[in-house]
Each structure stands twice: as C-alpha cells, then as structure tokens.
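Two complexes, one shared chain (subunit A), two partners (subunit B, subunit C).
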Partner chain A sequence: MATLKDTLEARGRDLRESVTNAGFTVSLLLQSLRLFFVDLRHRRRFILDQLAVCGISPLPVVCVVGLFTGMLLALQIGMELSRLGQSEAISNMIGLILFREMGPFMTAMILTASVGSAMAAELGTMRVSEEIDALECMSINTTSFLVMPRIVAMTIMTPLLTFIGCILGCVGGGLVANTQLSVSPAVYTRNLLASLQAEPNQLGPLPEEIYTGLIKAAIFGALIATISCATGLKASGGAIGVGRAVRSAVVRCFLMLIIIGYYISWIFFR
Partner chain B sequence: MKSRNYDVTLGIIFFAALLGLGVITIVLSDFALGVEVYRVKFYASDIGFLRSGDPILLHGMAAGKVESVNRLKKPVLISAPKDISGISSGEVRCTVMIWAKLDVDPYLHLKEDYKVIIEDRGLLGGKLIRIEVGEENLYMAAESPLLATALPSALQAAGQIIDENRAALQKTIQQLAEFAENANQAQGTLGLLINDQRTRELVENTVDQLSLVAQNLTGGDGTLGKLLTDSAPFDDAKVAAADLRSAMERIRRGEGSIGKFIQEDGIYTDVNALVAEAREGLSDVWQGQGTLGKLISDEALYNKADQLLLDLQAIGAMASEGDGMIAHLLNDGELYDKTLQMVSEAQTVFHDIREGNGLVAALINDEQLLDDFRSILNQVLGAIEDARETTPVTSLGSFLFGTF
Partner chain C sequence: MIRLQDVHKSFGDTHVLRGVNLELTQGETLVILGRSGTGKSVTLKHIVGLMKPDSGHIFVDGIDVTSASNEQLQTVRQRVAYLFQTGALVNWLSVRDNVALPLAEQRKLSSAEIRERVEESLQSLSMLEAADRMPSQISGGMRKRAALARVLVAQPKAILYDEPTAGLDPVMARTVSHLIRDVQSSGDRMALVVTHDLELAFSVATRIGLHYKGELIELAPPDVFKQSKHPVIRAFLDGQSDLGEEGLNQ
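Here is the complex of A and B:
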C-alpha cells in the first residue's frame, strides 16, 4: 500500500520528468535552430523528403476538414444571423474565425494526429531498437540528421496547409451561404475580403489577418515537430514505450497548441 | 548527468516563461513593453455608469483605459474649463474621482478650454472618455485637476425629448387615431377614397388603362409609342443636329451671308451706325423736329386732321343720304351715263388734239403758232396791267372833273 511519502515522491518524479522533458524539447529546438544555419546544405534531401511527408500525405484530410468546417460554421452562424436579419455578415464571421483561429488550430490538430504521431513513433522505434545509438556511435549528429529536417519541413508546410484549409473553408461557407441562406457569391466575397482587411495592412500584399494566421501556423508546425521528435527520442521500454511516447506526444502537442495559441493571439489581437 | 541538469534548467525556464506570459496576459492585461504610462485623475459630479477598463480617446485615438472609479468622501470644487469666449463657467462640485492610465501625457496637449466628456460607446451600451484638447493658446498646468462631464445617453436624450413633448405627442397620436377611425368609417375625402367601391373601381380602371397605355407604348403603338420605339425620329434628329452643328461651324468660320454678317467687322460697324442714326432720327421725331416730328407732336395739326376726319365723315353721311353734288355723283345713274359720254367725247377731243386737228391741237403741236399765241397773250396781259394802273387815275379824274 502506497504511503503518502511514496505518492509525493512519485508526483515529484513526474514533475521532475515533465520539467526535464520540457527542457529537452527546448534544447532540441535551440539546437535545431543553430544546425539549420550550419547543416542546411547537407540536409536538403532530408528536408525535401520531410516536406513531402508533412505536406502531401495530410493534404486530403486538411482539404476535407477545411471544406466541411467552413460549411459547418456557415450553417451554425448563419442560422443565428438570419434570425437577426444579418445573413450577409456570415462571410465576415467565417473569414475571421478561420484565418485567425480555426484554420491554424484545425490544421495543427490534423498534423499532430497524422504527422506528429508518426514522427514520435518513428523516432521512438529507432530509439528502442538502438538505431539512434548506432548513429551516435558513428558520430552522426542525430539532431541534425533526424530532428532539424522535420522541424523545418513542418514549419514550412503547416502555413501552406493552413492557407489551403482556410480557402476551402471559405468556399464551403460560401456554398452553404448561397444555397441555404440566399447570400449571393458577390456579397459573400466582398464582405469576406472586407473583413480580412479590417485593419491597416502593414506586412505586405495579403491582408493582415491572413498573415497573423500563417505566422501562428508556422509556430504551431515547429512546436508539433519539436515535441513529437523530443518525445520519440525519449522513448524507452520496447513497443510499449513507443506507444506511450506516441500518446504522450499527441497529448503534449494538443496542450501546447492551446497554451501557445492563446499567447500568440494575445500578442496579435489584444 | 550534466545534460540532464541542463534539460531541467531549460524546463524550469520554459515553464517560468509560460507562467510569466500567463501573468502578463491575464493579470496585467495592460502590460506593454517599453511604453511609458501616465496616470491621470479626472473629477466628475456624475460618471454615467463609467467603469474601470473603459477606453479613453485622445484626438479620436485610443490612448488608455480607466483604471479605477472612486467615490470621494468629501466633495471637491473643481474649476470648469473655459468656454470658447475664454470665460470659465465657475466651479463644479465633484463627488467622483476617475483614475486613468494613458500612454501619452495629456498635459502636453490640453489647453485651457479642454473638454473631458464621458459618453456612450454605442447604442448597445458601454462608456468611454473622449478628451478634446481645446483651441486656446494657454496649456493646462501639469497636475492641475481635470473636470469630466457625463453626457446623457442617446436613449436618455430621446426619453427627455419625449417627456418634454409628451402632451403634443399624445395629441398627435389621438388625432391619428381619430383620422384612422374616420377613414375606416368612410368619412372625409381619404375615407371615401379608401372605402368607396365606385372610387376603387375607378382607380382600378385607371390603373388598367395606364397598364394598357404602357403596353401600347412598349409595343410601339401610337405617336408616343413610335417615338419611344422607332429609331427613325431619333436618327432624323441626329442628322438635323449634325446639320445644325455643321451650319454653326460654317457661321463660326465666317462662311455664308450670316457668317459674314456676324464675323465681318465692317458690316457690324455699318449696322451699328445705321442703328445710331435711326436712334437719333427717332429722337428728333419725338422732340417734334422735322415734318414727321411736327406731324406727330403738333397739337393744332392733330386738331385739324381730326376736324378733317369729322368733315369727311359728315360728307360721307350726306353722300349716303343723297344730299349735295357728290351724293348726286355717287347716286345718280343718269349723271353717271353723262359722265361716261363726256369722258368718251373728251377722249375724242384729246385724240384730235394729239393728231393735230383744230386750234388747240395747232397751238400744242405748232411751235410758231404757240409763240404767236404766247406773244398775243403777253400783249393782252400788258394791256390789262396798263388798264389796272390807269383806271384809278382815270376814275379819280372823272370824279373830280365830273363834280367840278
């Protein structure tokens, strides 16, 4: 029977383990950032491979989820707005919700589930099968070889997938708005663009709302890859350990996406 | 082991950073790195449900937030800002103090006629403080107390207007109700129009006819329809307009009679001189100068002419009645025949004269004879003249010698 002391010791070990894992994750990110400038030329091929893995494989899922998310938003918001006689404002709501929050967060969730978990499983399997130890024995920098290309690929591909998902979400919302709320495509498009350019554009040709969403998506991509790789590299205990690492990576990614997402929104939109 | 300690340290820093961000974003929501904050207090007698966190506008831009609102234990008297004429409206008894945090120093902007207004943020509620810096030359002294004034909300203002005009509104509503009642009962012109079946039928017929007219017009029937649908009149008008434009162009270039008349200065000068002379002539006429002027302005002549006309009228009357020679001439048929005969004979006489027959013709046609006749006539005239000169002397001598 576990005593209070044993319980406190266990919780202390968990806390220490959490802090250590967090530190290891930050350390991995910092190393990858440094190695990006050092080893970029040598890792181009790995980066291209990871771009295909991170960008192509989850694309159909992102498209379908984006389209139906827009349709769902249009349906729910449109019903409430039509009661107030403001159906035409639906595109403003959909545009802002998708590009500010829903688009980056939705894409990050999909990538966490599809790509992040795969990264954790792959690196975890390599760890438990001592492949990573073998690489280290051959003086190959595992961070440069395994982690940095994944982080770079996710940082590049997440904003692109987010943009595609948001555009398809707007299209889906427009379909519902036109067919079920009698909002003409011209009015929908005009209000959508007006809502995205509500604030002065200070960053370039695209509306500011799109830029902020894409920056958030890039940060989410780096976060998912770093957490997944760190969790995979820390896996131990055979196949069970790999499964535990995958589950832990997904949970940590979700938590950090929510927390970091709030801070980013606070910085951009407060 | 060293690596593990490094990870622990990084982990602690990571969680500390997350915690710090949480504190900053949730607790210190107004935190802004590198921005200086100015705490300012406003005094007011009524703040109109202003709350902490409400925005403050300076120059129409967000410049800070209300930090807190405190009720004063003792009211304070605050000098009101000057108005446009530069006169302060005295002191205001304030019971509420508002602490505000601004990102600019308001005393660098506020003039002596500043305004701090607490007003509605929108119709859905909420308040804000709007600072108007004023236009005076003198700035407010630093740390001097600032007075804030609450404006009534739009709904309150509307309610106040309704209260002030309640009687008039009630009367208006009552009149409207009476009007509607009368209309429903087919009273008055509008009521009859609304309720009268015949009027309704008339209106319906009128609308039907108008609809028919519109159909005819769109079908191109009738003159107006043809005008609306047929492009020929438009084309004609277009051609006419083009011709007119061409003619005007020719006139502008000074071509043709009108063009020359308009463009050539000589003609213009001649016409101008002619008009001037005509004006002078008319002036003389009106002044009674010249024959025409006398005719127009001489009153005696007018009277004579008037009399002449009257006489002519009398003659006309007499003639119509058959009195006098002219009347006989006009009315007597025998005289007319005689006159015709006389004229015929005169024509014969004149024919003989022209042919040189008879004495008169000889006198006319024979120059020698004419000269002799003229000499004899002169001699006769001389004899008559001599007789006229000698007769008085002869008569006087006969009288004198006959008497004595």
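Here is the complex of A and C:
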C-alpha cells in the first residue's frame, strides 16, 4: 500500500509541476507581448542580434533539408502518379504539401533542434550561474531583457525560413520531376502556381495557400522560443540541470508543435 | 539600516536558517564567517528578496522585504547591491556594457552621463584597459573587479559581498580586500561580507559573527571576536576542522 501511495503522490507532484510549468510558459508569452509594445525602443539592438542568430545560423540546414524534402516528395509521389499516367500533376501536390504542412513543420523541427535548444541552454546557464539573480537584483526585467527579443525574433524568422525552405523544396521537386519524370519546367511551374491559387506572373500579395502556412510558421516560432526560454529559466542544479532543461525544452517543443500544428490545420482547412 | 529578525528557512528536510538575527547600521562593515554550505549565501539572498523566509522578517530602511510590493522591492534593490560569488556578468555583453547595465536599464540618465559614470567606475578599479573585452576573455580576478564596478556604478547604500576572495590567488585576494576597504572608507556605506577568509575578515570588519548551525553565534568587534572563548569559534579560528564537522552533524 505504501508503494501505491508513493507512486500516486509522485504522479500528483508531476502533474502539479506540469500545470505550473504550462502556466509559467503562457504568462511568459503574455508578458512578452505586453513588453513588446512597452519596451520595443530599448530592445531594438537585442532583437536585431536575435534576428541574426535565429535567421542566419539555421539557414544552410533549412536550405538543404528543404531541397531534399522536395526531391524526396517528387520521387515518391512521382512514381505513383506516373503509374496512373498523371505525372504532370506532380507540382500541384508538391506545392500544397510543402506550403501547407511540411514546410512549417520541417522548419520548426530544425529551429527547435538548433535555436530552441541553444536558447534553453543559454538561459539555463544564466540561471544556474546566478546571472538571472544578478539581473533581478539590478531591477532588470528578465522577460523584457532576455525573453521578449527571442520570441519576437523567432516569430519573424520562422515564416521567412519556412518560405525559403518551401521554395527550395519546389526547386528540388522540379529537378526530380524534370530528370526522372520528364515534366518540363514550364509545365511544372504553371501547375505549381495554379495549385497555390496564384495568378501566373503574379507579383502582388502572396496567395492564400502560402499565407496559411506562414501564419502557422509564425505561431510555431513563438511557441519554440517561449517554451525554450521558460524551460531554461526554470533550470536548477548546475550543468546537469542545464542538460535536463535542454532535453525537456526540445521534447516539449516537439510535442506542442505536432499537437498545436494539427489544430491550426483543423481551423484553416476543415 | 538592515535588520534580520528571527529568519527561518528550510529546503525540503534541511533546515538551513534557524533564527538568524542581525542588525547593520550606517558605516558598518559586518563580516559573517562560516564553513561552506552553512547558509551564508541564503542569508544574503533573503535581504534582497531573491528568497522568501519561511518565518521571520527582514527590514531594509523600514521596508519589510518579506511583504514588499514590487516598487518597494525595487527601492530595496537600488539601495542594497549584491556582489555575486562568480561575478555573474552577462557573458554576451562587454565589460563596459556590463558596468553600464544598471544605469542603462534605469533609463534615468542620458547616455553621456552614463558613459561618464561607467568610465569613472572602471577607472577606480583599474579596469579601463579591459573595458572592451568580453567576460570570458578576462581572468577571475578581473571578473570580480568588473562585477564590483557594476555594483559601484549604481551608488548603492549597502553592498552585500558573497565570498569576494574565494577562488582568487593570495595576491589577488589581498588586492580585493584592499578594494573593499577603500570602498567602505570612501563613504558611509554599509557592507555585509560573507566569507571563510580570515585575513579578509579581520582586515575589513567592524564587527564579526560566525554562522553556525543556522544561527549567528557571537557578533562582536574583531578584537573581541578574536579572544572569544566559544569552542566553535576557537575551532574555526585555529583551523581545527573536526569540532566544526562534529557540530555540523549533531
């Protein structure tokens, strides 16, 4: 009986901790939103620094992954389509899959692993080495100083990287379509734009299909930064604690991305 | 004035502070000695409201830190500065930007005034040559001095020094203790120094206490403290570890 009671107590503690963490994460996001309007002028430099960190370092990976995802999709879908004699429809599918789902999700995964984990490690290290305490002692608002610039930068950079990744995916798909399925680039491009409901030669605002994916990516970006910062700020217990924080930040981000991603799609496309 | 009244604090099963009482008045430099892990840092963290006591009260200039509003806590933190053991510099800002941080974040002074006060503060600790380096590029002693410059630039009324000489070589330790003495004599600041470095303690203290088993035993001027008959104090001063250890395990 004693062991059952212990187990239940431990589960109860875990549950309470999860709820507390979730509450802390949400309040961090809301506070950052408020501070964005209050402190934007003072934080311009930090936001620019973070934009560079979030945008430039993951760019090569996003490009390579985007290109090969497009090629992979073209290969798999192309084989099925050519069996049905519908090879030319390939770009309709690739564009939609990439811009609606794969692009935002793939980019968010890469950013979680590269930028989110680094944010959790940075803030976790600052927490365990008393730097956060020192900032608080100087009456510096750590949410405005550390968290808000990171959330803003990720919210801006994730859609941008998603867009680049998707474009490269379409290029990769086009390469495979041309070499393996002998679909001409002209046909490929025409079908691609048509599927995204874009006028040919459209230069104005982006078509709706692309917007929804980019909005999704922006939400993903905010999510990754908020979860990573919240987890880092709660780190305790030296280097081991920082490692633990990084791991749980990555796991929490992946879980929330897939769950929230589903519901965003449900809202847009049902 | 800083006053701690019967402060208790536990972490889980470990009862770290068991009724700490102390009073610090203008111009005083109080040194708290004690073995590591006895709760000296925890005591300091209570004074600036980084930790909340389980029971007891902490007053800073009449403000009860335990029940202070956010604004009151800011006032307390403007008057009482904390020099962290590791320095706790922000590692992605240069030394100069670190020192400017408290003033820049207060957003009260113009950038010219801030620059002037930062230069002055760095100058007084002979840190001007290293001003543009990053915290990771300077030695431990320099990091301590940079952190002290960051504390002094905000012109606090009281400074809490957490093991200011720990991890420094003897020469640097002596330099730092001279610095503290200079800082203390150049104004009627209060200081609370936490350390196990006896040389530092006797060179800066106006009163010395020993943190033992969650309480402050003996709180007396250095010469009286040195003559104390209390067995634990004798053991600490004579560097006998066994009695202290036994005491801790009781």
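The definition used in the following text is that the second predicted complex is superposed on the first by the 261 of 270 C-alpha atoms of A that agree within 3 Å, B and C clash if a C-alpha of one lies under 4 Å from a C-alpha of the other, contacts with A are read in each partner's own complex, and residues count from 1 in each chain.
Simple rule for what comes next: a residue touches a chain if its C-beta (ideal position, glycine included) is under 8 Å from a C-beta of that chain, and two chains touch if they have at least 3 such contacts.
What you see is a predicted model, and the numbers here were worked out from it, not measured in a lab.
Trainee: Pick one for A:Trp266: touches subunit B only (first), subunit C only (second), both, or neither.
Mentor: The first partner, subunit B, only.
Trainee: Looking at A:Phe24, would you say it contacts subunit B, subunit C, both, or neither? Reply first, second, both or neither.
Mentor: first
Trainee: Applying the touch criterion given at the start, work out whether A:Ile258 contacts subunit B, subunit C, both or neither, answering first, second, both or neither.
Mentor: In the superposed model, A:Ile258 contacts neither subunit B nor subunit C.
Trainee: In the superposed arrangement, does A:Met138 touch subunit B (first), subunit C (second), both or neither?
Mentor: Only subunit C; A:Met138 stays clear of subunit B.
Trainee: Is A:Arg16 touching the first partner subunit B, the second partner subunit C, both, or neither of them?
Mentor: Only subunit B is touched by A:Arg16; subunit C is not.
Trainee: Can A:Leu8 be said to touch subunit B (first), subunit C (second), both, or neither?
Mentor: In the superposition, A:Leu8 contacts neither subunit B nor subunit C.
Trainee: Could you say whether A:Ala52 touches subunit B, subunit C, both of them, or neither, answering first, second, both or neither?
Mentor: neither
Trainee: For subunit A, which residues lie in the overlap of the subunit B contacts and the subunit C contacts?
Mentor: Subunit A residues touching both partners: none found.
Trainee: If you look only at subunit A, which of its residues touch subunit C in the complex?
Mentor: 42, 126, 129-131, 133-140, 145
Trainee: Over in the complex, which subunit C residues touch subunit A? Could you list them?
Mentor: Touching subunit A from subunit C are residues 45, 48, 50, 74, 77-78, 81-82, 84-86, 88-91, 101-102, 105-107, 154.
Trainee: List the residues on subunit A that touch subunit B in their complex, please.
Mentor: Against subunit B, subunit A makes touches at 16, 18-27, 259, 262-263, 266, 270.
Trainee: Report the residues of subunit B in contact with subunit A in the complex, numbered from low to high.
Mentor: Contacts found on subunit B: 4, 6-15, 18, 21, 25, 29.
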